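Written out below as structure tokens is the structure these notes cover.
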Amino acid sequence: MLEILFISTLNGVLYGMLLFLMASGLTVIFSMMGVLNFAHASFYMLGAFFGFEISRRIGFWPGLVVAPLLVGAIGMAIERYGLRRVHRHGHVAELLFTFGLTFVIQEGVEMVWGKLPVDYRVPPSLDFPAFTAFSTNYPAFKMFELLTAIAIFAVLLLVVRRTRIGLIVQAALTHPGMVGMLGHNVDRIFMLVFGVGAGLAAVAGVIAGPALVTQSNMAGLLGPILFVVVVVGGLGSLGGAFLASLLIGLLQTFAVASNASLAGLLGPLSPSAKQQVFLADIWNVTVAQVAPILPYLLLVLILIFRPRGLMGRRES
Amino acid sequence: MTAPALELSGLRKSFGATQIIRGVDLAIPKGERHAVIGPNGAGKSTLFHLISGRYQPSAGSVRLRGEDITGMAPQLINRRGLSRSFQVTNIFPRLSVWENVRCATLWAMGYKYSFWRNIERLADARQRTEQILGEINLLDRWKVPAGVLTYAEQRALEIGLTIAGNADVLLLDEPTAGMSHAETELVVALIRKVSENRTLLMIEHDMSVVFGLADRISVLVYGELLATDTPERVKANAAVQQAYLGLEVS
Amino acid sequence: MKNFLSTFGVWIVAAIVAACLPQLFGSGLALTSMSLMGMMIIFSLSYNMLLGQTGLLSFGHAVFFGLGGFFCVHAMNDVAAGKLPVPLIVVPLAGAAAGLVFGALLGWVSTRRGGTAFSMITLGIGELVASSALILRHFFGGEEGVTTNRTDLAPLFGLNFGPQLQVYYLIAAWCLVSVAAMYALTRTPFGRICNAVRDNPERAAFIGYDPQAVRFLSFTLSGLFAGIAGALAAINFEIMNAGQLGAAQSGAVILMVFIGGVGTFAGPIIGAILVTYLQVALSDVTDAWQLYFGLLFIGMVMFVPEGIAGLLLRQQPLLRERQLHRVVPFYALALLAGLVTIAGLSLAIEMANRLTAHAGDGPKMAFLHVPLNATSVLPWAIAAVLLVGGGWLFLRAARASRNAYDTALAASLAAALAHRSNA
């Protein structure tokens, strides 16, 4: 029991950190540019596939550096030649533009790598158990993922606190809409922020790819969860996004590890076999099976009881 | 004795640590034309937002004909017969001028959310819309999308939206702001006409407009009412002259 | 009489056209496609009640389409099992009811906020329903879905709705009724207030309307019509599965409505017909057709955000004042350049497709019946030239078209003014 608790907590925090790696970029882009980047999870997927392609040709480590740079460059190009053009047609058009991107990126990935999972392996240098807790071997690669995520945040925090662009990002978070008044090179800052956001998502893809499944539907699976994180945390709140990332990470990990069901809990109270044709589904489903819908349930609950999100200040 | 049309008591509003409105008491009898003047940043627009339901007051109360409307949602206040205009033009840009005004008449005519009536067959709404458009001089622009009107026309439409619902208490936030002299005169005549038999509270910077229209004037400085009196006496009030008029008139 | 015709003329013509279409296009494929178009027209218009009329961008509209379909399938099975005297033609009402009820239920949660938050919430709720559908296997039938047989229901006037032709007429009838109802809805006080909320929700509150209530009503009614569309899909395919209420289907309707044009009532109809046609036509020719849809969609968002209907509508003043000749050459040039660009793009895509997804078939292939080798340099060079050259030309032609349009519009306005002063 303690073992499950320990391992699940570790896995949950890891998943949460990966979510935050993406949610932070999404939040900053949203606060600065007012654009909810639908394609953010697609950058994550591109990161994973680029990482896979590079790691099988050159190696994992070059991939860790090159894939995010590539994706960042793609992100900047998309901002410069696509999003900026669409900007004058308003927010709905911007959202739809990034929505269309998810389509194109997914189809492109399917064309090149197919619909089946690719064999993206953990690099041999990290393919050993980091430690043994109780009877479980905890893989070193997962520790590496966790440490990478934490290291990136340390660097980001430093950048945000100490540089001019960081100041602008901070200003954007507290006073959205004011960034436009900061001077004539706002365009370049937008492009950079969009690129860095895409690059961060790609890092998440590169390091999550070998541990999870690298497949063309991974953006479609993760994208909506990312939005849940951002809404639950409160639109435009980095702290909220962090909290929500961890919350959802832990929630899903624990749910998957548990095999409780209503039938198990209430055993003898179960309705008799005859009257439960439809109820049976709800009755016998295990918590693990419900895991995929838990984030969305959380979303609905938050919306009913706290529409601003955990740490949001703004209504809309 | 009947209750005042609009009565504010101890009204306060703070944003964080800053108090914008610091205890405003004001009673406006039915049928009065009342102007609020004051330097920029005095909190005039905030005061309007508190009355009309855009902001929740931090303390105090707002009464409409004796009925407590403090902190109600804007639409509920509007349905009770208080209608307001905005300092920054606030219209429905993609709808035609005609549809703008007609939408503003619908609730008061009892059509509410009705989705079974053909809007083109509502003769009373059509007549009312025509009448309003006549009053604000936009009859020949009725087909045009509101977003492409000239500034002065949009200001007129803004007033049209405010009066279309036949509310008996009107709040006008700087109706003549940014207008030429000739345009201002037209708007003043319009306001005089539409505020007949109604209660009017307006924010205005143009002193000739204020002194020409208002029965009484309140001077708001740093969130507090410095004076509330007839135009002549406000003009003569030394404190007001020092705090406000001296700066503006000279 | 004249009054009657101006009100109902369009609908009579539409009914006659719908009735005659099978005479013109009688093949099996045409009938299936037209049936598909009929339900997609309803679905698209129901979506535009949200996006175009009320300004709500939903990413989960297929939920109501799918639920309408599932309730319809179960209603059909129950009617058939109980030998109830309910004809097939009224069964879509079950879908409508499901759409309405779930529209109200989910609308209560999602319409509390507008704008971007609304979009994300609908996305989340869409995922919630789609994933729940896989868990609740009894009702949704798991991966395989739930099947039904429309001929098991009692026949009506000897029609058992077995043949596709009869199903086509059933769908056409429901389509006509739904379209008329949705059109009527835009001409009611509620319809106008939806537009007001779309333009400026805050001001709507200050003229007495509760924006949240307007959004809620709009969402609920749009759920009703989406439910009808889903029910027709269930009758047509005789099977419903969880995919029908998922993200792909929600995405498809956004595509149709936006390509057709959100700003006009006819836009989504055009979009539904065109996109359905392209789906049927393209999926036969290439397996990268979804990529083409994505690119088409992005192109529309970037260059023609008002959609096809909006583009056509903009030409109306020119047509009226006979100024169209000023712009047509530029449009033709832009169209030509656009086609060249598309040719280059699709050549590149098809060759890339051959080298990656179909690497096993070898590099020899045909593009527009021209045989070529996807590994040789020449076709890639041609593709690059077509793409870059065509794209460059297109951007220039598009700019020239815009300028020509502006001049022609000014001329039209001047002509219109001259007419008026003469009269």
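A, B and C are the chain letters, set down in written order, and residue numbers restart from 1 in every chain.
Everything that follows uses one rule, which is that a residue touches a chain if its C-beta (ideal position, glycine included) is under 8 Å from a C-beta of that chain, and two chains touch if they have at least 3 such contacts.
Values in this document were obtained by computation on a predicted structure and should not be read as measured data.
**Q** Determine, using the mean of C-alpha atoms as each chain's centre, which chain is farthest from chain C.
**A** Farthest from chain C by mean C-alpha position: B.
**Q** Two chains share more C-beta contact pairs than any other pair here; which two are they?
**A** Greatest count of contact pairs is found between chains A-C.
**Q** Average the C-alpha coordinates of each chain, average all protein C-alpha coordinates together, and give the chain whose average is closest to the overall one.
**A** C
**Q** Give, as an integer number of Å, the spacing between the C-alpha centres of chain C and chain B.
**A** 44
**Q** Take the average of all CA coordinates in chain A, do the same for chain B, and state the distance between these two points in whole angstrom.
**A** Their C-alpha centroids are separated by 48 Å.
**Q** Which whole number of Å gives the spacing of the CA centres of chain A and chain C?
**A** 31
**Q** Which positions in chain C are in touch with at least two other chains?
**A** There are none in chain C.
**Q** In their shared complex, at which residues does chain B touch chain C?
**A** 52-54, 73-75, 78-79, 83-84, 86, 90-95, 99, 102-104, 106-108, 111-120, 122, 125, 161, 164-165
**Q** Okay, in this complex, where on chain C does chain A touch?
**A** 51, 55, 57, 59, 109-110, 112-117, 119-121, 123-128, 131-132, 135-139, 247, 251, 254, 258, 288, 290-291, 293-295, 297-298, 301-302, 305, 349, 352-353, 356-357
**Q** Can you list the chain C residues touching chain B in their complex?
**A** 184-185, 187-193, 195-196, 198-200, 202-210, 213-214, 217, 221
**Q** Touching chain C in the complex: which residues of chain A?
**A** Answer in residue numbers: 30, 36, 82, 85-86, 89, 91-93, 95-97, 99-101, 103-104, 107-108, 110-114, 220, 224, 227-228, 230-231, 235, 277-278, 280-282, 285, 289-290, 292-293, 295-297, 299-300, 303-304, 307, 315-316.
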